[in-house]
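Let me begin by presenting the structure, written as structure tokens, before commenting on it.
By written order: A, B, C, D and E. Residues from 1 in each chain.
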Amino acid sequence: METLFETKDLTIAFGGHIAVDHVTISVSANQFKSIIGPNGAGKTTFFNLLSGQLSPTEGEIFFRGENITKLSSTERTRKGIGRSFQITNVFPNLTVLENVRLAVQSQAGIRYQILSHFKKYKDLEAKALEWLEMVMLEDKQETLAINLAHGEKRKLEIAMLLALNTEVLLLDEPTAGMSLEEVPAILDVIRRIKEKGDRTILLIEHKMDMILDLSDSIMVLFNGRLLADGTPEEIMQNETVQSAYLGGIHS
Amino acid sequence: SNSEQTESEGNEGTEGTTETEEAPKEPIKIGLLASQTGGLEAYGEQTLRGFELGLEYATDGTMEVAGRKIEYIVEDTETKPEVAVQKATKLLEEDEVDFLVGSSSSGDTLAVLPLAEEYEKIMIVEPAVADSITGSEFNPFIFRTARNSSQDAVAGAAAIAGEGVKIATFAPDYSFGWDGVAAFKEAAEKLGAEIIHEEYAPADATDFTSNIQKIIDAKPDYLFVVWAGANSPWNQIADMKVQEKGIKISTGAPDIAALATMEPLIGMEGFTVYYHDLPQNDMNAWLVEEHKKRFNGDVPDLFTPGGMTAAIAIVEALKKTEGDADADTLIETMEGMSFDTPKGTMTFRPEDHQALQALYAIKLEKKDGVPYPVPVLIRELSPEETAPPIRN
Amino acid sequence: MDVFFNLTLNGLATGMLIFLLAAGLTLIFGLMDVLNFAHGGLFAWGAYSGTWLYATTGSFIIGILGAVVTGLILGLITERVIIKPVYGNHVQQILITLGLMLVLSELLKVVWGPNQLSATAPDFLKGSFELGGIIIIKYRLFIIAVGFLVFVTVQYVLKNTKIGLVVRAGVMNKEMVQALGINIKKVFMLVFMVGSGMAALGGVLLGPYSGVIHAEMGMEFAILAFIVVVIGGMGSFPGSILAAILVGLSGSFMAYYVPDLALAANMLLMAVVLIFRPQGLFGWKG
Amino acid sequence: MNDSRSMMILFTQVFIFAIFAMSYDLLLGFTGIVSFGHAMFFGIGAYAVGIFMKQFEPTLPYFLLAVVITILITAIVSYVVGLLTLRLKSHFYAMLTLAFASLFLVLAEKWRTLTHGNDGFTFRTPELFRDRLDFYLICLVSMIVVFLLLNRFTNSPLGKVLQAIRENEQRTESLGYSVIQYKIIASVVSGVLAGFAGILYSVSLRFVNTSVFTMDITLDALLMTIIGGVGTLIGAIIGAGLIEFAHHWLTELAKVHWIFERWIIFFGIIYILVVMFFPRGIVGTVRNIKMKSKKRVIEKSEQQKAAG
Amino acid sequence: MSIQLKLEDVETYIGQFHILQGISLEVRKGEVTVLLGRNGAGKTTTLRTIMGLNPSTKGTITFNNEEIQSLPTYSVAQKGIGYVPEDQGIFSELTVEENLKVAMKNESDRTKERLDYILNLFPDLKKFWKKPGGLLSGGQKQMLSIARAYVNDNELLLIDEPSKGLAPIVVEKVMESIIEMKDKTTIVLVEQNFMMASTIGDQFYIIDDGQTVQNGAMEVLKEDDEMRRKYLGIA
């Protein structure tokens, strides 16, 4: 299988605290990989390094063989690495539709257009609506994002990522706080994307059933270090994972 | 075109006939620009009071000259050039004034000067002090009854400069200060003095001790201070023991409110534009008397006689033209015109229309019953003596 | 060497004076994050009321206390009427406090007239003495002492009570602080009052420093206070005092050694500090 | 007729400040950047014209040259200032712009051969601007053109990204927009337009002095924008009108009744009342009310549907 | 068992939106009452209304036989009600220590004891004692938020989705801690993790469209597949 991206000795330290510690992985195209690990293990930080929110103190990141370590998050998004955020991160005083439309607009490469009036971009809006329907948020399209309930914000977050239509999707606890009823629906969306087979997905989650259900492979971070990387079965057998992460519930 | 309009309107009632005594004449209108709000509002108030009294005095209370009534309209410039221009335009366009008088700040006045020329109306500048008003920015419609920076400087120099005297200057770091020092330097050097140090400080500074330190280091005989504005250095000059180090201080005495802050400088010799008991003449006596009567016992202040002078200059000129307010006629009349003022006789110099006037060499003294140091006359500096160079 | 000492001492004193002016703003702007453009109005009211009280009663202490009380009262009214509706909204704060500033400084003229007033120190603080070539101005020593005292007191209170924390927490998340059982409105009101009282104290102490007070002094010194709070790092008292002393010293030394730049001294200092430390001297990172 | 002449001058002033305030709104309302130094661009324009008209000839070619120079300088300065948004956040950025504007003020004060310091200087303008009616029309047209341009600009895809930056800078970046470039674009457009307003201002006065670089000028823009309603453009125009006219009427009243002699108090009270009754500025609040009543109508009809 | 908290027909508007349209519930002392419902149903708003953060417009809220619906938030909190908000409400520029310090009502030995207990429960917090709250990981923030509500002796705790973002082993610990303190502290819990909700819950209420539509003992819900499917979308 073709390797889509890889990290070499990826490391970041905040002051004295090493949050990600020499992590070397490679992810092949169209794979579904999950990342698990205790709170504070460095999962989100690892995403931040991949998406360019943070730059590493050491190590490199390659995307399709190209070294992208020095690229900004903007450039990485344009290259095809999109992400969602663990802490809801939307445009609070814009409507739900406008939020998604901004993502669609970026995806369409309409960035510095001044002359053509925005209203002409009906199809952008139509596309944005499609994404909203996909996450079951279409009836909230005129609501300001700040007024959404928590779970609704999570859905918006996902819609914005999907609208970017990037080849790589980095999903940071997409369903945290989402209701029991809707988790399956969102999982469905993710599954469908996976099944189309043209996306590479990295997922951070603490919901083990979901991870086991979706993942081709799982990597485990512990104190910033890569503890294990393997198939779901292998990982579930891992002693440390059992005792220090899952605890009694899954044993 | 505007003056045509005024005339045709003025002639409406008497169309076809030559002017006769009985025909009711249009009033003379004067537009007064002054700061009535903001930092300079005290100056504005002085000018206004003086002007009102001046009109009364000059017309013997009739408020008429050559058969024409005199009206005046006051506008507040707020010490902002753009407001000054707006208000001046309003006076010229809407009220169709025949004269402008003003204003309290040099900046406002400079902004208005071109309007006088554009509308061909006489503007009496009072009490703005910038040299450039009758210098580089001069136009023939401008007459100034106020003294200018150079006159101040000449007076200041006359009070202290002499052969071999070493002088340091201290002034705020903006046009007013630079102008004042430059003019002083010229005048003082003419008298044989030497300017050994020029010190400037931001006008709004809190701490002047560094500047004073440098002046002390320069060891002059005199320190000549050009200062205006509320934030004054007098306290710190006293605290730094400048006088104890054998450096005599000199400056222009300001208005009464500011004199109150000059307690530490008692004994200082300098000059002033006006203090109410300095000029000894009937008109000044009248001014002091009337002013007290009208403004519950207050005496006229630094710029009150200036306002009065501006009024008198207008009335005197109109008397001479028999009520004709045409600018060209007025210019011809006023150039070289001498007239009496609370400060004695003044003369509009023909070249730059600056009124030559007396200033006063004074000493600050403590007087019983007066809550501020009082300027006491050393000698009157004659108009000829204080005549500034012509620079237009 | 004498010159150096003179410049240092006077710069330090001026710095302390500026600190006194900025201390109230460090609370109101730095800690509470209220862009209070009317702060200068409080200086001026402190200065006028204090100077007037001193002149009428003959007691400098009464003057100072009177100024502080005036500041507290004005602070109370201001907080209740003007600031309370606009917490957390900088745009509205700018407009409403600028309005208040106009009202405050014009009212001064209604009460005390448009003229500047002279302000003097009491006799025991008047004048100066020389100590081996160094001129020491008594009032400046007094200012240094008061400044130091204010700094120590405030620092002690902030370090030994939760109040500073509560205010900062309240600015970040007002609801949560209340959900923790704290009446944040009352805390804000008290802190605002104290800040206003300190502004008035700065104002009344400024009077004898320059010898005059005038209605326009407010805006002039308010900008200086804002500079100090920002380059010190928002809400940090050690930052404010350091920044104030830097402003004082740079003013003093620049006026002596590079007089051409003295006019720009404060702004240059601020530009340099901010370009090299974008969060201010004692600002938190991030 | 005469009365309207005087009004005309007032309106000219309104138009000029409306342009200035709109340029400020682009920063404050649309991009979320607070600047305390906007006067620097205004001043650059004002002085460029003044100096050219004074030092050379008051002719149209020189005027145009002054315009070009203004555009160049304001563009360069606003580019640099815009770059600094990268480093400095909120208050710190605002204060830095204040420092820059103050340095321009000092420069104007000190470079006396050119500027005559704070006394300033008068100059003649090209023939075209001498008639006040013509100039009034020029300013009116300029304001309309600037409004239309900015309206188009802010409603363009680019403008939408600016609003996104105002809302959440970091998120905008991760959507694939290069935030700093947008901020610089906004800064430059705003700076150049402010410079243009400065040009018109000094032409209207035929005089320029250091007051064009002062904090007061920035505050004017700030107040007008906020009173009208930030992020609305039209609000900046209404704000400019309101402030200029309130000012005009209050000073007139001062002559009529002594109560208004301290008219500045009433001026201050107006600001306070605007915040209390129009918390989002006049346009913002009115729009809000309209939107609410529209929603209510929709809700009602929905309820009726549900009931029916 | 006595009823500690009671809501009767509570309605709440946010702006002009009618969010709560009739919430009635009874919370018994020493029990864990779980609020369930889909996204946007009004669970969070219910907790916020109890806290006085979104004041009710109708109905009564009684806590220990005292009506509290018109009290300001801080008074409600002072009555002994602790709150863990859904968005964690961390003071991001304050350190972990300072976050806890703001929350502490006093510095008694009892508080210190509780602090020890908390730091034992969440060792991460001890590790990052001096770190600004905003820099913590998502789960660590959640721990801090819970910890803030735990430092005081509260009679009632309102906890909004505590398990969100926590590693399974930590969820377990939180569950244990809740069970442990049940006898002293009554708990109202909003929780999407049904495993957790059903394990520790005694009573349940289902909220739908701003109304309480079902309630009963947790045991009942566990058995009733139909009800779960209808309101919670799970079987």
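As a convention for this text, a residue touches a chain if its C-beta (ideal position, glycine included) is under 8 Å from a C-beta of that chain, and two chains touch if they have at least 3 such contacts.
Since the structure is predicted, the reported quantities are computational estimates derived from the model, not experimental observations.
Visitor: What chains, if any, are shared contacts of subunit A and subunit C?
Guide: Under the touch definition, subunit A and subunit C have D, E as mutual neighbours.
Visitor: Which chain's C-alpha centroid is most distant from that of subunit D?
Guide: Following the centroid criterion, the farthest chain would be E.
Visitor: Would you mind telling me which chain pair, B-C or A-D, is linked by more contacting C-beta pairs?
Guide: It is B-C, judged by the count of C-beta pairs in contact.
Visitor: So, what's the distance in Å between the C-alpha centres of subunit D and subunit A?
Guide: Computed value for the inter-centroid distance: 42 Å.
Visitor: Roughly how many whole angstrom separate the Cα centroids of subunit C and subunit E?
Guide: 44
Visitor: CA centre of subunit B versus CA centre of subunit E: separation in Å?
Guide: 76
Visitor: How many Å are there between the centre of subunit B and the centre of subunit D, using C-alpha atoms for each centre?
Guide: Their C-alpha centroids are separated by 37 Å.
Visitor: Which subunit B residues sit where two or more other chains touch them?
Guide: 173
Visitor: Provide the list of subunit E residues touching at least two other chains, using ranges where the numbers run on.
Guide: Correct list: 135.
Visitor: Residues of subunit D that contact two or more other chains, please.
Guide: Residues 109, 262, 264 of subunit D each touch two or more of the other chains.
Visitor: Considering only the defined contacts, which subunit C positions touch subunit E in the complex?
Guide: 162, 165-166, 168-169, 172-173, 175-184, 284, 286
Visitor: Help me check something: in the complex, which residues belonging to subunit C touch subunit D?
Guide: 35, 82, 85-86, 89-92, 94-96, 98-103, 106-107, 109-110, 223, 226-227, 230-231, 234, 260, 263-264, 267-268, 270-271, 274-275, 278-280, 283
Visitor: Residue numbers of subunit A touching subunit E in their complex, please.
Guide: For this pair, the touching residues of subunit A are 14, 37-41, 43-45, 86-88, 147-152, 155, 173, 176-184, 206, 208, 244-250.
Visitor: Per the contact definition, I'd like the list of subunit C residues that touch subunit B in the complex.
Guide: It comes out as residues 3, 6-7, 10-11, 13-14, 17-18, 109, 114-118, 120, 127-128, 130, 135, 137, 139, 206, 208-217, 220, 224, 248, 251-253, 255-256, 259, 262-263, 265.
Visitor: Could you please specify the touching residues of subunit E with respect to subunit C in the complex?
Guide: That would be residues 51, 53, 72-74, 77-78, 83, 85, 89-94, 98-99, 101-103, 105, 132, 134-135, 148, 152 of subunit E.
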